[in-house]
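Every chain is named by a letter (A, B, C and D) in the order it is written, and numbering of its residues begins at 1.
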Amino acid sequence: MNAIKEAIKTVSDLWSLMVGLRVTGKYFLEPQRTVRYPWKAVSNIGTFKGHLELVGGGQKDPFKPRCISCGMCALACPSHCITVVKKKAPKPTPEEEKALAEAKANGEKTKDKAPKDPEKFVYDYSLCSLCGTCIENCPAGALSFTGNVYMAGYSRNDFLFDLVVKLRDSQAPAPAEPAAVPAETSEA
Amino acid sequence: MTHSALPDQVAGDFYTNNFAKNAQEGSLILNLGPQHPSTHGVLRVVVEMDGEYILRAEPVLGYLHRMHEKMAEVKTAAQFIPNMGRVDYGHALGWNWAFVGAVEKLAGIEVPERAEYVRVITCELNRLASHLLWWGAYLLDLGAFTPIMYAFDDREKILDILQAPTGSRLTYSYFRIGGVAKDLNEDCLSRIRAFIPWMRERLPMYKDLVSDNIILRKRIEGIGVIEPEVCRRFGATGPVIRGSGIAYDVRRSDPYSVYPKLDFEIPTSDLMDARGRYDVRIAEFEQSLRIIEQCLDMMPEGDVLVKGAPKPSWKAPKGEAYFAVEGARGKIGVYLVSDGGKNLYRTKLRAPGFCNLSLFAEVSRGTILADAVAILGSLDLIIPEIDR
Amino acid sequence: MDALLKGLPLDYLAACDFQKTGKTWQAILPAASLVRAAERLLAADYFVEDISALDCVEGYVVTYHFAHFHKPGRVALRVIAPHDAPSVPSIAGIFQGAEWHERETRDFHGVVFQGNPNFIPLLIDPDMADCFPLRKDPKSRARMRDILEAGEVVHCGPGFGLMTPDAPAEAQASSQSEAAAGDKATA
Amino acid sequence: MPAEFIRILIGLVAVAISVGLIGLVMVWVERKVAGHIQRRPGPYEVGPSGLLQPLADALKLVGKQLFMPDKADPILFWLAPVLSFLPVLLLFLPLPLGDGLYALDVNLGLLLILAFSGLAVLSLLLGGWASNNKYGLLGAARAVAQSVAYEIPLLLSVLAVSFVAGSLNLAEVVKGQGTWPWNWNIMTQPLAFLIYMVSALGETNRAPFDLPEAESELTAGFHTEYSGMGFGLFFLAEYANMVVVCAVATALFLGGWNGPVLPGPVWFVLKVSLLMLLMVFFRWTYPRVRFDQLLNINWKWLMPLAVLNLLATSFFVKLAQFTEVRW
């Protein structure tokens, strides 16, 4: 009796090998799941969190940052990858200077003439951990993530950008992206 | 291969020499790792072998040590969250939660209910991803090349889902003190709903492909038996201890968040061997799916971040707090001490893999090399978490 | 817990609020009674969660967290090791898993665990193992009573005042029970 | 004898070229099949469907610097890959592709194949030993134990067939079988076929019996330290060995070149390809067995079964002879 049981067990054990072959055989004949990436775009880059960018729209100009140079982002950043350089007030013309002096003499409050938008917004992508702390702490909503997945460089310096310049440059028609055929399907 | 069997050759490093001091005559000292295909990163195990048999083994750590605990001393509490995604790349959200939970406990911050559900859902999805990664990698250790590809196929779906709210695919820093960074939108929720039946359909295939396979069974049955008592002395947790028959799960024993409201089981196995741990993890797939399913139904509307959530410049109040969650590998604990200053005074991270790996020297004694690989894999090690 | 540690020379024993601090009991022991306490915890089916040190004015506070597989809660044993010669007996003979935790604590704080069977650097490269990254400079050290939760004092050894809140006025300002505890402790 | 000599020479050249080609094609097939099993395309960039990928790989291997570990034995170290590759060439000589289509017509063709395939062990041992690497040493030890063990059931199962056919000449064995599958030796010797295939996996170090190079345990086993063409030769020899065992299996069990409609060589190549595909499938489906289990399978299962099979076969062969005589 035991011997029969043993024999049945051995056969079923060996049968498990056949079952495994059936699974691989089945998938062998089924369509592939891989997206042939450079030739076909992948479907999941829509939610990708790329490097930071400044949001335009300051002073009604879509290519001027909304940023008010408060420096909250630089303070909040755990990796110290942001440096905000404030714009200096433009040198007042003689008339303005005179008006300013007059106003001061009259005891009026003088307004700081320095524009709010930053001179430079230096961002070191190579240090960034993309945690989003800066975006959450920006009082002006001036920062966001790009969906730019196609970023590569040859040295660390390639990842050190001035976001103000980047925003200004985006005015010019963007260089044609490597033509990626839209994903046919990856949810096969 | 720094150490050699020949006496006239270049001597080994500190650990090899220290280990070789107690070596038997005529035995072979072999360094498995730090670069070795089955040590998942940079674990190194010095083993003393007699032929194929292991007489003694000693794991050598520290190749991926980044001193997260020191980093916590130079960052504010909120700024430290991105670090938690990098401690354990397999189950990053578990660590997110442990740290955020500890800060919340310290400061007495209540988390909105929807945020709790979002945390449970994402954390369980992440656990599934982690178990899938383990499953594939473990079978790769055992010489089956194909399962990891199937596992990654499923894991990819989870990563796509998690990418939507978190923006990243591996090292999430998604939880915030007082909630989570972003709500799960309707599109994301519907994808999770679609994922659950998909995953359920895949599980029988896993069983057919390898779980029932006679070669696999022979490789893991009776290998690496860990008695519950040994587990306890070494402080092992997670699937390792559940595979030894102790139903210990932080989600049930020290309940946190909304887990008490959820109906799920703690799978255990009395086999105590690599097979037991394998079975427990496979059974946890189904339990995680159950949890997610219930959460989707029970999730209320509302905010996902508490009003007035701490800013990066926020100072944690004086005091101490210990918070533990159940990670994919076991009990993740974070112990915080704050002196009310800008940065936390002390942050202690309890990595489950650290305790689980300390078992290895004990368990591997007397096994053969191939079994050692099978045991190492069954502990589910993520080296960055162990080395921190 | 009270019963568990009965008869051991204790400096301080307090019940804590699990919801607030994540532990149910804490005890500060003289180094000599640590091993016996660990033995009793082993007999009571506890396991070591982790071991860590905390650099305070009073010394390195080595904290042992114990948890139980079947009972909720967490027990913290604390031993204070002086700054000039930090040394604590090892419990690796009782809880084998403690060996690595102790070695890690040595790496980070330089606390020596007497009797650890394999006391070599664990996480930090042996060539630079004496840098002790988590030691604080004396100016930035905090006092134990400021940063550690006092809890509801059950026992306070004679002459042990490290956990006593500073001024009675401050104690009164805080919760009633804590004030009572403080009075009891000073008494 | 010059005609025979020229024949062998031409055969050798043809074999050398075809082994190289087979190696390249097999690498491509293996990677393609593995890819499709794992639901990915496999190589597809270089050439149509990635057909030129193995060639690119081969060129890369040729172009690589040859490293030798410090304190390794230089002569043995470089002898080993050559020694693993050269005997394989000889193995191809007696293989009958079609009726009369073989390089060497020897009565003891089978014996020649078995003898020279035994040489492969030596190269693995040398390679592992001379590398001055512990993984290499362990791999070599495994290789020797495994190859020696699996040679026995292989031999016994082959013997059973040659008892039936009454010859050790592969061409004769093939001629003894008919056109249709039910006329093939696999019908009379199914057990021998199974034993042969399992032993062949062990003999060629193919997964699930790829223990000498089990990468999750021994990084790469005996060829851990080989780079460039040193590794390339081992690699090529593995595939060539695979072809040989499959070809022998085809000749012995699957009727060789026999088959309806299509010409003989086509049938032969088809059958060999099918067997090789099966071996590729095994590799990408199963986990690796453990070393002691590997030997257990051999000594506790294959060996006794092969012996029993051989005894039964010889009994029936004798019985058949007797009845024939009595008639």
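The definition used in the following text is that contacts are C-beta pairs under 8 Å (C-beta built on N, C-alpha and C of every residue); 3 or more make two chains touch, one makes a residue touch a chain.
Note that the coordinates shown come from a computational prediction; the quantities given were computed from them, not determined experimentally.
For the remaining chains, with chain B not counted, the touching-connected groups are A, D | C. For this pair, chain B with chain D, the centres built from the Cα atoms lie 43 Å apart. Averaged C-alpha coordinates put the centre of chain C at 66 Å from the centre of chain D. Chain A and chain B have centres, each the mean of its CA atoms, that are 28 Å apart. Residue positions 146, 150, 153, 209-210, 213, 215 of chain B are each in touch with at least two other chains.
The residues of chain A that reach two or more other chains are 17, 20, 23-24, 27, 33, listed in rising order.
Residue positions of chain C touching 2 or more other chains: there are none. Under the contact rule defined at the top, the touching pairs of chains are A-B, A-D, B-C, B-D.
Residues 13-14, 16-17, 19-20, 22-24, 27, 33, 44, 47-49, 75-79, 129-133, 136-137, 145 of chain A are the ones touching chain B in the complex.
Note for the complex: chain A touches chain D at residues 17, 20-21, 23-25, 27-28, 30-34, 36.
Taken in their complex, chain D has these residues touching chain A: 33, 35-41, 44, 281-282, 284-286.
Here chain B touches chain A in the complex through residues 75, 78-83, 85-86, 146, 150, 153, 160, 163-164, 166-168, 171, 173, 176, 181, 205, 208-210, 212-215, 217, 311-313, going by the rule given at the top.
Residues of chain C that touch chain B in their complex: 19-23, 42, 45, 47-50, 52, 54-55, 63, 65, 67, 69-70, 72-74, 76, 94-100, 108, 118, 120-127, 133-134, 142, 146-149.
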